[in-house]
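Take a look at this one; I'll ask things after.
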């Protein structure tokens, strides 16, 4: 086992090569996951914001909207 | 593969397909990578003799070469989808190109990193201005240029098209760049040619190397599709189907 | 057609002459960058001789790139570029005219000043001639390739430095053969021909493709 | 007072983070310029070792200068600079905040990346440490001096290249001592101290004088 | 005659308008109205071919403007938010170049006359950099006097102009319409027209669902 | 109270105005008028201290503005041809920074209210780059709602605004005057004011010899 870990004295080179490779890929996977989640929540928030906002916007828009009444 | 991509050219149609494909590609990637790692570490000799004796550090080859190959292959994919996008004006192609870029850049970086770590014990230096290394470095710059240009423009359509054009210009230039650093002196070009045919490599090394390459290739599919899904979602966010998806997935 | 080409060319040269300092500034930038190196590196004769061609070419690359940043930007800011796009002329032709004007104003002076800076690096007479010839063939390629980058980065914040990121890697072939020709000429004469064939081929390729690509990039950027 | 300083600092950093690539771009420009030289000059180990410190410093100069171009220009173009001038705060303080933000975003990354590029030139470990230290002291001086030039060339056409003309000569002392420190450290250790004293003195002087000069230059440019 | 069918444009993630159809025949002025941010500039740039719409067709004399490309540009005069004049050149030089690029060079006398008409006598030889906001705009508007293009597309041409200049511009537009040309313009002011037809098009983003209002032609 | 005596300015080689004297007391609006190029912008920039006049004194509350320097700036709100907002920041961020720099930070709620009042509800979170011409101008004008400065200097604030926004701006100006502030503005439109005094100052370059016309105050 120790022998294996030492890789004939080249542990530093071998493990940092493999470590960086699979580490970066792992980071990419995690990053993709988290950005998927944030995208979903962001859109969910957008949807939620848009639907109820319709009502107050229509109400509050009355005074400012009346001025720009459609021809 | 004679899939009619135009049938899937709508983001809405492709989103669920990509979602179903990801686990498959991910699974295959995991299996192949594990096989390659096992083989590479336990079924191959610790030392290489022959004309070019190497010790354990040659094992870096199992990640180095696949990473280098993937980096080049993904650039072709990137430029290809960019061209398709510019010619046919299909949104999905641009998204595909954009999704490929970060994965490609990561593999390019890995080729450089692992190459450097190999070079130190093998050549006694982390870095040398060898043509191959130099062209890999320039490829990295091309990827970074693509990503930088894309993110510097915030109008999506302009960003897509501008970056696509850059990718194609880069593709035209790559052979020229490669030629110029591979043979900086045209008078004696042939003498400098690099030997590198996979056939000269011992099968016990070649097989895990190729397995790893396939594994990483499969991984690239999974990663690119996952990123593509995110891009599709955020770009189509005001479409009804996205709302349905969000309602379903965001539980 | 030709009258339009000529008109854009004349316009850009006129504009540059209105601001004569601009032309001089590129030149001085080139000279200053070249003069900085001996300060940073030391002044041993042989070392400088070996460095000379490379440094001159890198300086030419940077000078050309810096000047390129303004190639379309000025026209973009004041809306004249929009008008150029709407002129009913092939855009690639107008781009070519602009690039030519740009090279006459920034590339050509570099070629002419080269002997002066070569002196600072103790280059031989033949090497100096080869350098001038190589610059004369190479710098138009730089301008042409750079035009694509300039068009792509139009109106972006931090455009200048983004431009360099996009363009400098593409400049590498010109740099390698341009500097290579000079280096080789110092060792054994008459063998520089292949370099010039290659540089010439780049020039032809760039002349044909770059204006088209730059025109496409402009349309994208103005959308 | 301090809240205003802090607010300008935060604003500029926020703006830069909005465009995260900008920060990275300066960095990559630095790396690319450094990588170009071996392509033009050839890749012999000893030659590269001798060249290294000079090239790194010249690249740092150019990167800092290029990034500086936008230091005030963006604010000038959209009229926010006018508003900064009319804020009822000492202008020099605001300038200092802007320069600090600029250094944090463009100078500091260069310092941190230096070891990587030093590798390409086969520099020794001690030389790398000295280089990082010298860059850490030297690059703020570059930003400070550059701010004066950026203020003076505000709104001038071809500002970028005119700026370099004004500023690069002023950068020479920093270049000479900065590169000198690294070169010396490669020969015999412990003799780099005087270099650092001088660089430190430059930094102090620039910290006191440059914001005042830049503020005055801004008022002139806006008139 | 400009013929627009089913046009749709989005900027960022907002749908500005869709299913927009209208025609601008000869001798007609189309006045595009709408609140700030309703998409007037976007529409005008799409009509010029500077911006690719998301859907819909724009035809000029029966042919798609994409296909006509440069031929369409020759028939078109666009005047945007930016003036499109070089600050370092004088008014005279600017106009001389503009005419050459339109492949219809005119003598300096004609340009000087036009500049005088627009009220810039005495300023012809100054770099336009040295002119005031309104004077710069006037230099740019001189192109209208010299132009023979049948289609004008003008984006808020009245801003920054003083009363005299506004009068003159209204007169120029009226002349263009009377001469058989078409004009598309946006402005927040009223445009009196003595001859020819005024159409009004109001872009209204308020209701997202219904298609944007069509044309309501009105004789002046 | 702004007090100007014997002011003279020249740009290039033209004398724009000289011996110009006037006062802008509290509760007063000074409407500077004049043809394009008559020197309105130049005058306003001189009043702000951005431009050094050739002759004459400008005093604020009895002291020269050169001496007051930053103290004067604190009492002043200038709105020029340029909007003075960062295109990469959102409206909210822009205003937050503007308030901090005036050393009078306000809460985000106040800013959001102000933005809503000016008709930008729903656009607070967009980088202003993505706004239309008129919307950008509105963001900049929101500073007027939030400002407590006694002196406003506004250079053509009405351009690019639609009818609603023009109304609102007129209302803001009227409020400022009613609250005891002073306003100097240029515009080619009329400014109705219900309370306080309107002064008009006409810059006329026509006759070079006689000093430029003085003030003709007129109650509205």
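General remarks:
Per-chain numbering from 1; labels A, B, C, D, E and F assigned in written order.
Here, a contact is a pair of C-beta atoms (placed from the backbone, for glycine too) under 8 Å apart; a residue touches a chain by one contact, two chains touch by 3 or more.
Chain identities (UniProt): A = Heme exporter protein D.
Worth saying up front: this structure is predicted, and the values here are computed from it rather than measured.
Chain centres here are means of the Cα atoms, and by that rule the chain farthest away from subunit F is B.
Shared numbers divided by all numbers used gives the overlap of an interface; between subunit E and subunit F this overlap exceeds half, so the copies present the same residues. Chain pair with the most C-beta contact pairs: C-D.
Work out the mean CA point of subunit E and of subunit F, and you get 30 Å between them.
Rounded to a whole number, the gap between the C-alpha centres of subunit A and subunit E is 43 angstrom.
Once the centre of each chain is set as its mean CA position, subunit B and subunit F turn out to be 57 Å apart. Multi-chain contact residues of subunit F (touching two or more other chains) are listed as 81, 88, 119, 127, 130, 162-164. Contact with two or more other chains is made by residues 61, 68 of subunit A.
Shown for subunit B are the residues in touch with two or more other chains, namely 141, 144, 148, 152, 155, 157, 181, 184, 237.
On the subunit D side of its complex with subunit C, the touching residues are 19, 21-22, 25-26, 28-29, 32-33, 36-37, 39-42, 47, 50-51, 53-55, 57-58, 61-63, 66-67, 69-70, 74, 157-158, 160-162, 164-165, 168-169, 172, 175-176, 179, 183.
Taken together, the subunit C residues at the contact with subunit E in this complex read 3-4, 7-8, 11, 14-15, 18-19, 74-75, 77-80, 82-90, 222-223.
Partner subunit F is touched in their complex by these residues of subunit E: 11-12, 34-41, 81, 119, 123, 126, 130-135, 137-138, 156, 159-166, 188.
Residue ranges on subunit B touching subunit D, taken from their complex, read 116, 125-129, 134, 137, 141, 144, 147-148, 151-152, 181, 184. Residues 4, 7-10, 13-14, 16-18, 20-21, 24-25, 28-29, 32-33, 35-36, 39-44, 46-47 of subunit A touch subunit B in their complex.
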